[in-house]
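Shared between the two complexes below is chain A, which has chain B as its partner in the first and chain C in the second.
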Partner chain A sequence: MLNVIVYGLAIGAVYAATALVYNVMYSTSKVLSVSTGHISMLGGIFGAYFLAQLKLPLIIGLLGAIAVGAAFNYLTELIAVRRVLARSDEHLWLLSTLAVATMISQIMALWWGTEPKPFPRLFPQGFSQGIADQKYWLPIGATIIGAVGLEIFYRRTMYGKLFIATSEDAFAARARGINTDRIRALSYVLSGALGGLAGFAAGQLTFAYFALGFALTLNGFIAIAVGGLGSNLGAVIGGIALGMMSSFATYFFGGEYQQTVAIGVLILVLIVKPEGLFGSKQVRPV
Partner chain B sequence: MFARVTPARGLTVLSALLLAFVSTAGVAYAQAKEPIRIGWLSSLTGPLSSAAIAENKGVQFAVDEINKNGGIIGRPVELLTRDTAGEPTKAVNFANQLLHSDKVHFIIGPVNSGETLATVGVVAKAGIPNLIIGALESLTNPKKYPRAYRPIITNGQWIRAANNYAIDTLKKKKVAIVGDTSGYGTASAKQAAEMLEKRGIKPVISLIIDANKADLTDEFSKMKAAGADVIMPWTAATSLLARMLNTRGDMQWDVPIVGHPALMALPVKPLLNKPEYWNNAFAAGYRTSTYDENGKLPPRTVELMEKIKPSLGGKIDFTFWWVQLGYDCVKIIEHAVIKAGSTDPAAIEKAMNETKNLEGSFTTYSWSATERDAFPDADAVMNIAGTFKDGSFQLAPTK
Partner chain C sequence: MTEHSRGARIATLVMGAVFLVALPFIVRDQYQLHLAQLIGVYWILIAGLNLVIGYSGQLSVGHVGLLAVGAYGFAIIAGKYDFPPLLALIACGALGGLCGFLLGLPSLRLPGFYFAMVTLAFAVIVTEQSVAQTDLTGGGVGLPVPGFAAPFDSPEGFYWLILAVAAAITWLTWNIARLMWGRALIGVRDSEVAARSVGISVYRVKLIVFVFSGVTAGIAGGLFASLQSYITPDTFIFELGLFFFTCIIIGGRGSIFGPFVGTVILTAIPEVVAPLAKLGNFFYGFLLLVVVLLTPEGFGRLFQQALARFNPKVAESTVVAPDPALLRKALQRAED
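After this line comes the complex of A and B, so read on.
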């Protein structure tokens, strides 16, 4: 049973990190990018590529994976978000980010291959460690670092305050002289780095696999919907709750019910508390 | 009685006759040289591509070989390959394109059962002969799909071979069955349990696991607690199979794993925590890609291997039976066209129904008016996982 809990925490941490990535991007652009899960997929694949194939040192591999995540998300903002937001108020970003997600999946399938590949051990440790295995604790640690880091960034730094100002009222922020386009691009770089870190840390758990992107996009979205869009605490709690419920559902009812439980939770929360557990109700001033 | 033929009228009649002859000869010539178009629905990209990529090498090689030798009954072979990416909707769209726009004479594939379930009815409706290379039983039916012929083994034959090995050779009775959450995985796990029960063995536990589930410790703890003395996985997901082998190894539980051919697939190897975790694992395989007790492959396999090796850069780093099957699919079409004397679908159906003991590289094929599955039980064997060499495997111990 302890293993069910630890696995639920670990996979929940990956969902939580994806939910945090959603939040950072949403705060400045009001866009829920379909390519969010693909950032972590890239973190895992490039982490494995740098460490196992290019034999680079751990720190270089880690920084490389983070840089790839940041660069990919910056390109997403540039190609699929900026121009769409500039030309239309409709939710056309759904299509443009879906196109980016599909393209990056196909590119990775062609370059990396369609079979999962191993992610190397990051620290010397035997394989019969049970719940002490690093594959469980690395994603949990990365998500904690990401969540705490974001809180410090938002509360203690000038750029963090600019993010919050843009999030609360982009027009007012622009009137105050904030370059909101630049802030949005920065938020995509920051969230991309976080996604890359999460994918790198979870590599041993998920393997380096091109098809991981859409699964993480979906589960990260469920986590953010459950926790409440805009709330980082909600993202973490939503992700962990989803991971735990999936793990328990598999243990007690079998793997065939895992997705049913995840989608069931989403529907239930949307019915009972549409704004999520920690989300605030959208009030339109009149 | 007869009208008098003037020179002018004679010239006109002669010209008309000449024109008619030239036109007829032209049409006949054009027909004789019309390419035989083969539609090849192959998941060359996507999550199930490794088998299709290998099979494509065999298909392409056979087409090149036939064309180099002058084609089939004087007609060149034109291969129209469509990448379905493993998606049933794409497979159906491409099948329709091949049937109605490209007007193919034959369709090979798709490669996976899930895609074939979607296309087999579409191809049957168009009346075009279809070589089925999915393993699910329901994909062939002489009444519903009269021109669908299967050269590959069926899922039931795989399961039977593995069940027989676990029960009769390994003498195991407490079976744990594992399937994945895909349609294939759940259906196969159910079928495996039913076939075991027919042999008087009720599985001690049956588990369905998400193919992407990253940790299987609890599933293995459950199987151990249930008293399982053999684990039988029915999934084509190499990551799930590798995780099963890793979990067993990490738990230091030396229970045999016996099941799906993907258990010995090469992509499993790099995912293993330790190479020895592949020991004590056995997978359903084929006599023609199995080394005998003397370490020799059957002559028909060696013959194709030697022919195709140069085009593969001198080495075979994928499961060779897929290449054999791809090669045979085109050679089966060649056999049917020669026997029928044309590409007329009705004539091809008759020729296929009368095919007896056609020796291919992969197996020996026989079909009839009531039998659409050609693979003989005798050619299904068990292999030792982790013994990959030149795309083939060692025979599992028989005692």
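After this line comes the complex of A and C, so read on.
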């Protein structure tokens, strides 16, 4: 039973990290990118590539995975978000990020292969550790570091305040002399780094697998819809709750019902409380 | 519209219809006929989906789930319980419509991205359950699917059946798009607030169109299953849903002919140009990105613009003159 809880916490931490990535991007650009889960997928695949195939040292592999995530997300902003936002059609960013997500999935499937490949051990440890296994605690640790780091960044640094100003009211921020385009690009780089870190840390749990991208996009979205869009606390709580839920669903009903239960929760929350548990109420446009 | 261009349009339509009916005698081998059948089946789904995506602007990426429901429904009703296939096909349409209704009921209230994600989630659920419910769907092993009875048992006969269904559904969607319904849908797509303010029941319009697209997806699923003759959960991958979606966006939103051309070209190209088949989804994603960045209206609009340039419309002069009789009447009424 303890095993089920720890597994739920660990997979929930991965969902929570994806939800945080959604939040950071949403705050500055008001875009929910379909390619969000793919950042962590890239972090996992490139982590495995750097460590297992190129035999690079751990720290280089970690930094490399983070850099790949940040670079991919920066490119997403450059190609799929910036030009589309200038045109201000509500649906277009959905299409363009979906296109980017599909392309990167297919590239990874062709280059890395369509089978999930194992991720190397980061620290020397036996395989019969039960719940003390690093594959559970690394993603939890990474998500805690990410969430706390984001909170400190938003509260204590100048750039964090610029992020908040841009997310509150981009026009007002621009009038005060903030280069909102640059802030948006920076937020994508930051969230890409966070996604890369999460994917790297979760590599042993999820394996380096190209189809992880869409799964994380969907589950991270469920976490954020349950927790409330725009709230980092909500993202973490939503992610953990979702992870627990799917872990227990697997335990009681078997693995075939994992997604069905998660999506049932999503639809229930959206009907009862459409803004999520910690989200701010949206005003109906009239 | 002048008489001349209407005549030309009808002539083109008749020629196109004759070509489509005579296609089995024109193609060189069975494979090309199979391709034509596949295009027809895809088009049945896309014609319905086009009303949802192209006209009312609801970006559903999960119609592959409804296709799977129809396909499994057909395999079970016609295969396991030995119902007549044509009856089973109608049942599939009803089943697809029911699933569309159940899916649309909660999800159509949600804004864009949320809706897309819920439909994606629906497709995931369908795939998961088609693996899980081993008794019903055969699990990962899959199910054999029966063919249709005579006269639809030959490839040509089956092609004509698909053609008839596709024509009927195209006619239905054309009627919806052309009349007040279509105007309401476009209003919903372009501005929900404006649509609501002129008295369109936004949610109801969206739901009805979504249920219709569910019916077409169910019918397409039945035909698709029969065409494939064996279905497994792997047949209905998420990428197939993306393919439907791309066909419509590339062809152009708010038109029927554009998505049709998109369907034909996108289905045929990977079969004709072999290297593209390997790239598969990358190619679709790339096309989608190019269209979104360069011509968000789709290639169909580009084609129209090119046509308009070569064949410029002569501006008719209309004189705006007061109508004294009508004016007097109106004044009279105002005085009373």
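Keep this in mind: the second predicted complex is superposed on the first by the 282 of 286 C-alpha atoms of A that agree within 3 Å, B and C clash if a C-alpha of one lies under 4 Å from a C-alpha of the other, contacts with A are read in each partner's own complex, and residues count from 1 in each chain.
The working rule: a residue touches a chain if its C-beta (ideal position, glycine included) is under 8 Å from a C-beta of that chain, and two chains touch if they have at least 3 such contacts.
These numbers were taken from a predicted model, which means no experiment stands behind them.
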Combined model on chain A: chain C and chain B, fit or clash: clash
Which superposed partner A:114 touches (first chain B, second chain C, both, neither): first
Partner chain in contact with A:40 - chain B first, chain C second, else both or neither: neither
Touched partner set for A:28, first chain B, second chain C, both or neither: neither
Contacts of A:100 with chain B and chain C, given as first, second, both or neither: second
Partner chain(s) touched by A:256 [first = chain B, second = chain C, both, neither]: both
Partner chain in contact with A:91 - chain B first, chain C second, else both or neither: second
More chain A residues in contact [chain B versus chain C]: C
A:187 touches, of chain B and chain C: first, second, both or neither? neither
Chain B versus chain C as contact partner of A:18, first or second or both or neither: neither
Which superposed partner A:143 touches (first chain B, second chain C, both, neither): neither
Single chain B stretch clashing with chain C - from 91-99, 163-171 or 379-387: 91-99
Touching both chain B and chain C, residues of chain A: 106, 110, 254, 256, 258-259
Complex interface listing, chain B residues touching chain A: 45-50, 180-181, 186, 207-210, 212-215, 217-218, 221, 238-239, 242, 246, 249-252, 267, 270-271, 273-274
Complex contact set, residues of chain A against chain B: 3-4, 7, 10-11, 106, 109-110, 114-118, 127-128, 130, 135-136, 205-207, 209, 211-212, 215, 250-251, 254-256, 258-259
Contact footprint of chain C on chain A as seen in their complex: 32, 34, 79-80, 83-84, 87, 89-92, 94-96, 98-103, 105-107, 110, 214, 218, 221-222, 225, 254, 256-260, 263, 266-267, 270-271, 274, 285-286
Residue ranges of chain C touching chain A (in the complex, touch as defined): 57, 59, 61, 106-107, 109-110, 112-114, 116-118, 120-122, 124-125, 128-129, 131-132, 192-193, 238-239, 242, 245, 249, 278-282, 284-286, 288-289, 292-293, 296
